[in-house]
Amino acid sequence: MTPAPGVWTITRRSLAKDLRLEWRSKDAINSMLFFALLVVVIFSFGFDPTAEESRRIAGGLLWVAILFATVVALNQTWTRELRNQALDAYRLSPAPPQALFLSKTLGNFLFVAILELLMAPLFVVFYNLRPVGPLWQLLVVAVLSTWALVVNGTFFAALSIRTRSREIMLPLILFPISIPALLAMVDATTSILTGESSPAFWIRLLAVYDLVFTTVCLVLFESVLNAE
Amino acid sequence: MHDYPLNAAAPTSIAVSVRDVVRHFGRFAALRGITADFAAGKLYVLLGENGAGKSTLLRIIAGLLAPTRGMVSVLGTSNIREVAPRFGYMGHAPLLYDEMSAMENLEYFAALYGVTSRERCAEAIRTVGLDPGLDRRVGQYSQGMRQRISLARAIVHSPELLFLDEPFSNVDLRSARQMTGLLAGMRDHGTTVFVVTHQAALMEPVADECVVLDAGRMVAREKGIPARLLTPYPAQEHADAEARR
Amino acid sequence: MKLLFRLLVACTVLLLAYGFCQAIFIAPREATMGDVQRIFYYHVPSAWVAFLCFFVNFLASCWYLMRRGSNADALALASAEVGIAFCSIVLITGPIWARPVWGIWWTWDARLTTTLVLWLIYVSYLVLRHYATGGQVPVLAAALGIFGFVDVPIVYMAIRWFRTQHPQPVIGGGEGSGLDHRMAVALLWNLAAFTMLALVYLIVRYRQALKAREIEEAHAQAALDLEEAR
């Protein structure tokens, strides 16, 4: 009898499978990239990029735009597993549920990172942004913030697929809980862009948020996966 | 209703044991108290009309669904996840990824059980009568081929216990007969097999026992499949299906 | 049991009445804000009670996930609803206080904003309960309840830091400001009264949730028996 497979092995395998499936169908990525572009352009029309104030709010705008794009992307995460009830096959196997969660979260992280790589440069171009603070700090903020959105988003997407209005459920339950992280990512980005204050506290807050909620997600995922 | 006594020999020769299992979905009672023991090494067929509770019972035994009341024990334990590597399940849906080939699907699902040998995956595909080298995406398979790959997925980790839920739905006669032969062969090698179907005639040649469910209750349990329970296999429907292929 | 509950209700009414006297008549008039400040004696206890209810929700959610007893789920539902009710009182009394005193309807001060976020989180909890289907509702809700409560300290820290960066008028006179002795007494009486009131509501709603579940199970059992008789 082969021993139960380890968490990292299964995470790698599931992630590889998801990437392969996504590459072959290109379901989500094409529409998401276009959606991200649209969001950036519309925000530019809504908030005049040439005004002096816009430089101050650009940080906030960028993250709100990314938030909306992320929510649309996250909804698709579990759809593929439900399509032929492939999720049942995973549940029946001895593979640990945490591995499934980690693989989905990592996949979403990559996905949202790609969206950010498209949207951030566009924002810089449209709003003529020049960060005053160090760039590496921006990178740290971006990584921590993306993880914050994606870890809870993946978990709540798993919750919301079991509800009657699954598309609207995800933002409804994700947004309130993400408020502190949103505050942190917006303010940290703004303080780096304007150079007016230190983002140190916000970075620490994001790190705490990520740690706490990744733990909670890993602990609770098994119950949610098997709820029926 | 026949009441088979608990096997007086070693307890592990009882593969599945079900006690007073009740399952509600809201106000609908899908199962109204099922009690039975199933010895190892036999091929059981669960029969009954749509909505009788066959699939629900199978899902509960496989651990996908929890009973509202009652107890289930599989391979000697009521912690079904513990024995997950020892049984396989084939659902009504294919439980496969459409955009991957048969081998890719098998390799992924085998890895979930800790089986990393490509040869075993290829072997499983060959066992169900298909070509492992076929690169076509599973989504483009015919229903018969897809059901067979689903079966291959269920057996790739060499389980001692096999649960199949409507394996022959929309499957052409040739594939169905081939799968039936395969199941009988597995039973002969000691695997315990449960098949849920409402096409009794197909399973008649190979069934050891049949269990009939009606409105959530077990109403009959007999050796083999007696003539009165045989529903005529819709020969005309499948002659048409064959002609279309 | 019934007698005990009636006693509890009677005590609560008495406490509320006394608290009212304390707040409106006995406590002194505040120097700068005047009589409007008396909302304080309803604003703060409501916040305290709401937080207590959400803590009960957290405990009930954890208990449910560990033991899967349906009583825990009923308590989680009851505490969430009662908590939201008191939370709403905080959010309504806040602007009523702020407007005459500072001329603005809403100040983004740390405590009021945290209350707003709490309100949003637990309303989303109720929304999830409403839209989820079937037997999985308690599990999903319990998960969200745990998330929500764990978030609360993080929310508070985040907003407080934000406020120190971007200061705004603070309702209730800042963190360290002292309280006149008689005001503190009035506050404590009302705190006790509101806690009792919340307890009464909680018991009533909890019993109601349990009864609803009993009715569901009775229906299912009746369907079973009907088949039995046939």
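When the chains are written out, they are named A, B and C in that same order, and each has its own residue count from 1.
Note that in this section a contact is a pair of C-beta atoms (placed from the backbone, for glycine too) under 8 Å apart; a residue touches a chain by one contact, two chains touch by 3 or more.
None of the values given here were measured: they were computed from a predicted structure.
**Student:** Using the contact definition from the top, classify how the chains connect: line, ring, star, complete or other.
**Tutor:** complete
**Student:** Going by C-alpha centres, which chain would you call the most central?
**Tutor:** The chain sitting closest to the overall C-alpha centre is A.
**Student:** Could you quickly compare A-C and B-C and let me know which has more C-beta contacts?
**Tutor:** Comparing A-C with B-C, the pair joined by more C-beta contacts is A-C.
**Student:** For chain A and chain B, let me know how many angstrom lie between their CA-based centres, rounded off.
**Tutor:** Distance between chain centres, rounded to whole Å: 39 Å.
**Student:** Using mean C-alpha positions as chain centres, tell me how far chain A is from chain C in Å, no decimals.
**Tutor:** The computed centroid separation for chain A versus chain C comes out at 31 Å.
**Student:** What whole-number Å value describes the gap between the mean CA coordinates of chain B and chain C?
**Tutor:** The separation of the two C-alpha centroids amounts to 51 Å.
**Student:** I need the residues of chain C touching at least two other chains; which ones are they?
**Tutor:** 134-135
**Student:** If a residue has to touch 2 or more other chains to count, which residues of chain A qualify?
**Tutor:** If we look for residues of chain A contacting two or more partner chains, we find 228.
**Student:** So in the complex, the part of chain B that touches chain A is made up of which residues?
**Tutor:** 62-66, 81, 84-87, 89, 91, 93-100, 104, 108-109, 111-115, 137, 153, 157
**Student:** Using the touch rule from the top, collect the residues of chain B that touch chain C in their complex.
**Tutor:** Residue positions touching the partner: 22, 24-29, 32-33, 215-217.
**Student:** How about chain C: which of its residues touch chain A in the complex?
**Tutor:** 65, 117, 120-121, 123-125, 127-128, 131-136, 139-140, 142-144, 146-148, 150-151, 154-155, 157-159, 161-162, 165
**Student:** Using the touch definition from the top, list the residues of chain A that touch chain C in their complex.
**Tutor:** It is residues 152, 155-156, 159-160, 162-165, 169, 172-173, 175-177, 179-180, 183-184, 187, 197, 201-202, 205, 208-209, 212-213, 216, 220, 223-224, 227-228 of chain A that touch chain C.
**Student:** Write out the stretch or stretches of chain A touching chain B in their complex.
**Tutor:** These residues of chain A touch chain B: 1-5, 9-10, 13, 17, 20-21, 24-25, 80, 83-86, 88-95, 228.
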